[in-house]
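In what follows, a single structure is set out as structure tokens and then discussed.
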Amino acid sequence: MLQAFLIILQRDLILAIRHRAELMNPMLFFVLVVVLFPLGIGAEATILERIAPGIIWIAALLSALLSLDRIFRTDMEDGSLEQMLISAQPMSLLILAKIIAHWIITGLPVVLVGPLLALFLGLSAEGIETLFFTLLLGTPVLSAIGSVGVALTVGLRRGGVVLSLLVLPLYVPVLIFASQAVDAAAAGFPTAAPIAMLSALLLLSLSLTPWAASAALKMSVS
Amino acid sequence: MLQAFLIILQRDLILAIRHRAELMNPMLFFVLVVVLFPLGIGAEATILERIAPGIIWIAALLSALLSLDRIFRTDMEDGSLEQMLISAQPMSLLILAKIIAHWIITGLPVVLVGPLLALFLGLSAEGIETLFFTLLLGTPVLSAIGSVGVALTVGLRRGGVVLSLLVLPLYVPVLIFASQAVDAAAAGFPTAAPIAMLSALLLLSLSLTPWAASAALKMSVS
Amino acid sequence: MIMRFIYQLGSPPYFYALSGRLLPWLSGLCFILFAAGLYGGLVLAPADYQQGDSFRIIYIHVPAAWMSLFVYMIMAFSGAMALIWRIKIAEIILINSAHIGAVFTFLALVTGSIWGKPMWGTWWVWDARLTSELLLLFLYLGIIALYSAIDDKRKAARAVAILALVGVVNIPIIHYSVEWWSTLHQGPTVTKFDKPSIDTRMLIPLLLMAFAYKFLYAIVVLLRARNDLLWRERRSQWVATLFSKEGA
Amino acid sequence: MFKSLPAYTKSKRLSVKNLAVEKQDRWLFQNINFDLQPKEVLHLEGENGSGKTTLLRVLCGLTIADEGDVYWNDVSIQKQSYDYHLQLSYVGHSDGIKQDLTVVENLRVAMVLSRSIYKVSDKQILGDILKNIGLENKEDTLAFHLSAGQRRRLAFARCLLNDSALWILDEPLTALDIKGIAFIEQAIQAHIERGGLAVITSHQPLNIKNVRCTRLNLSAVA
Amino acid sequence: MFKSLPAYTKSKRLSVKNLAVEKQDRWLFQNINFDLQPKEVLHLEGENGSGKTTLLRVLCGLTIADEGDVYWNDVSIQKQSYDYHLQLSYVGHSDGIKQDLTVVENLRVAMVLSRSIYKVSDKQILGDILKNIGLENKEDTLAFHLSAGQRRRLAFARCLLNDSALWILDEPLTALDIKGIAFIEQAIQAHIERGGLAVITSHQPLNIKNVRCTRLNLSAVA
């Protein structure tokens, strides 16, 4: 069991590393989106500071969204997914490994770079600290929820945009609690409540989505 | 020649329509992204109005970006692209047809819905009018430039995010001229200069990118 | 006992027969409720001391808004039944509710925004409740899109059931948004546990309307479900006998 | 290699009762019944499009039949999916190979998924298997760089990794050269002699000696 | 159908001089020379991985050889790609069929791309072709719903649409049933009798009567 978890984790990480470009990219994409804003909006410092946490979270969300497909699509196309489904290992465990691999590749870089970008956009120190925690708690939820979305759409021949439609509304709670927490921190209010909600979302999603995704995959493949 | 252009255009539109959901989705995605902003940033009317054109253009950009892959990837995977390359029709013509089909599916809805959303975000009437023109001139450029990006990356097995990296910087001029025009209009200044630049970009990209994409494809396939 | 009832209800011919017998009653009740609610709301209830007569849109808006959440809960519940017990009827209820829920949500959005113009001075503000209601609309549309994107309708129903269950997290967020964030939108006035802060003469028609909406939903969903059921089971024995009986 | 292997301990009978599958409002096949004992081969025949692949996927539990059920040792496979999958190896039309992993990495993943009787770290065994399937000097080649036939061989290797008593093979001989075909025929023969079962489709003749081979023609049942 | 067709007017000779391709720092093949006249078949043989597919792609102009060149009527194909493509039909490992188009729509696109001699709107001809390839009642079926062999038949139909004198076929017989194989053999025979050329790989024996068939074994040249 543990071995199965580890080998799938390792496999997905190797696959990402092998395309070295791939590994850099979710981060670069994230940075690029954040950079677009001053370009599209203009560089007024007060406005930028005000909207910094929002921008960073939205960029995190989009960069997760853009890379979701990799969780299952290629596995579906080359038949690996069938083999996992008929394997002698519990599917939800394999899916958990895939979710975590996806987070390491796309979420972790955002957690590390996000606060830095916020600094450049002029966010206050308290704000940045809270931003970091919200990213740490929130990004795995994005990968987890996303896995269900991909599992549902992977059987469709071109599900790319259906996927966004399904997943974005489900991402909104994370976005709301996170930006609430950062706003509160920046204004000097306590942040315990939204952080607690984020943690709850994290636990809930990590424990439930692998089952949901596994059920969805069985449906998609059949 | 004309027949080839038309049948490819028709083919790509049929492929999009056949997934009825697909046809609606670039638009829905666009709306969703715009909606995320008030959620992530907060609902202060003055700020929202100030950043409205930026938001809409960034959403248009991302929605084009997300759907770019469809221009060539599936054709690559099922071998249709090879067949087009060895066909007795000029490849750049076929590519032009594919670019226009992509614009009709993803760009046109944005042109139509964008101004409406700007209204909800509180943009002034002059601003909205100019926004409409910038979208009309700018979105085909996104499809055209995108086609070169996809052509370059379609040979990579999972190029999703590499693509964004290639393409986003090329999208920046469009973004800058467009938001410049809308800002000018909202402030009551003349908009002729940036609009002229956008038109130049449009002509340039529609006449050059089919060749570039065709060369890139030949390389990607070999 | 309950399980047996559920299973019995899950049998298509039984469901078809039962719903056929229920429908006339439901329609009658629904009509009466609507008549009473509208009369009470538009004629009997006094004008609001602040809003004058424009408050009367409450009788459309609030029940529609409640229904938008209620229908989703029904869908999630049927989704669970469809997945756990593989009950066909639950699948059918689920997918046929999506369109109705979307319509209610749309109605709540439109009436809310019509009401917002005199109250807040704009059609739309980006506050938490309004925005999250808009997202609920997207959730419904996502469900419909997913269902129509999958060719095999039995597969599609299962997919949609999973999605509906996962989407349930959004419901409490919409419901509590007014409490969690200070927003422009009305706080809970009716659904508070202690004494509702609203005149009873306004309240009673509102409740009547709420029930009328529920019956309306029940009627529409049953009609659609019966249709869908006949189509899906078109080659089964009971449908054949049904039609030969009707034909004869 | 095949000579020394012991008989299977968990070989059971595979039976199918009244199986029927419907596609696009038309019965693909109906009333399929068979009862396959250990040491028997079932050769599925039928024209293109007669439903062979569909039937195999039903036998694997990947697709649910519209009527009837599949039984392993008289228990429905849906009620014992773990035990059944432990006894099952499936090679489908698509290979289930990750193109971005090397040959050895692919094998390792397959070993863990099927709870192989061999140690993942056992280089000796890996070498033996590779030699058998004719990929001895390709260990560290990416599967992407394999030819069509080499990939097919790698896919077949999955059958040799654990003591699964039931092999389900969809056109195992496509793209193989003469040596490859001979090897697979020998492998199947050894498998049967150890007490295994096999269900096979193949448009090419299969040359397996001394084995009870039932034929089932799906074109006839339609 | 085949009987009544006139001889090709533009059949020329296909020659190859000193062709060599390198993969991963190893010569896949070197010094390939041949000279194929009208009315001749070249049967490429060789073990799995010996480079047959690679050679065929070079002949099509899809891949550029590392040494040597391909000549059509003694002119390098790179210098006359339009004229050459007009004379060429290629059926590769991947089918080049769009899964989301119906059978007829796929045919129509292929007709325009190859500048077919038939009118796209000619129902009679389309019906004839479909009947020949055994898909007569599948006109309006999505290609996605075809079986492996049915897709292969549809892919082969491309050869029947225009008067291309050169057929390049990579494993045309895979996944086909007996009737399908017989049909393709007849089609090739008729093609040769009309003065055409064909380059074919196939691990299964090809049964074409009264035709000069040269064999080239790539395993020997490696």
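Should a chain be cited, it is by its letter among A, B, C, D and E, assigned in written order, with residues numbered from 1 in that chain.
One rule holds in what follows: contacts are C-beta pairs under 8 Å (C-beta built on N, C-alpha and C of every residue); 3 or more make two chains touch, one makes a residue touch a chain.
Worth saying up front: this structure is predicted, and the values here are computed from it rather than measured.
Ranked by number of C-beta pairs in contact, the top chain pair is A-B. Set against the Cα centre of subunit E, the chain with the most distant centre is C.
One inter-chain figure worth recording: subunit B and subunit C are separated by 37 Å, centre to centre, where each centre is the mean of the chain's CA atoms. If each chain is reduced to the centroid of its CA atoms, subunit D and subunit E end up 31 Å from each other.
Annotation for subunit C: residues touching 2 or more other chains are 128, 135, 138, 141, 145-146, 149. For subunit B, residues touching at least two other chains, in rising order: 19, 21-22, 25, 28, 32, 39, 74, 77, 157. Among the residues of subunit D, those touching two or more other chains are numbered 93, 99-100. By the touch criterion stated above, subunit C contacts subunit B in their complex at residues 123-128, 131, 134-135, 138, 141, 145-146, 148-149.
Per the touch definition, subunit B reaches subunit E in the complex via residues 3-4, 7-8, 11, 14-15, 18-19, 74-75, 77-80, 82-89, 221-222. Of all the residues in subunit E, the ones that touch subunit B in their complex are 57, 60-64, 82, 85-86, 88, 90, 92-101, 105, 108-110, 112-115, 120, 158.
On subunit B, the positions that touch subunit A within their shared complex are 19, 21-22, 25-26, 28-29, 32-33, 36-37, 39-42, 47, 50-51, 53-55, 57-58, 61-62, 66-67, 69-70, 74, 77, 156-158, 160-162, 164-165, 168-169, 172, 175-176, 179, 183. The part of subunit A that touches subunit C in the complex is made up of residues 145, 148, 152-153, 155-156, 159, 162, 165-166, 168-170, 172-173, 176, 180, 201, 204, 209, 212, 215-216, 219-220, 222.
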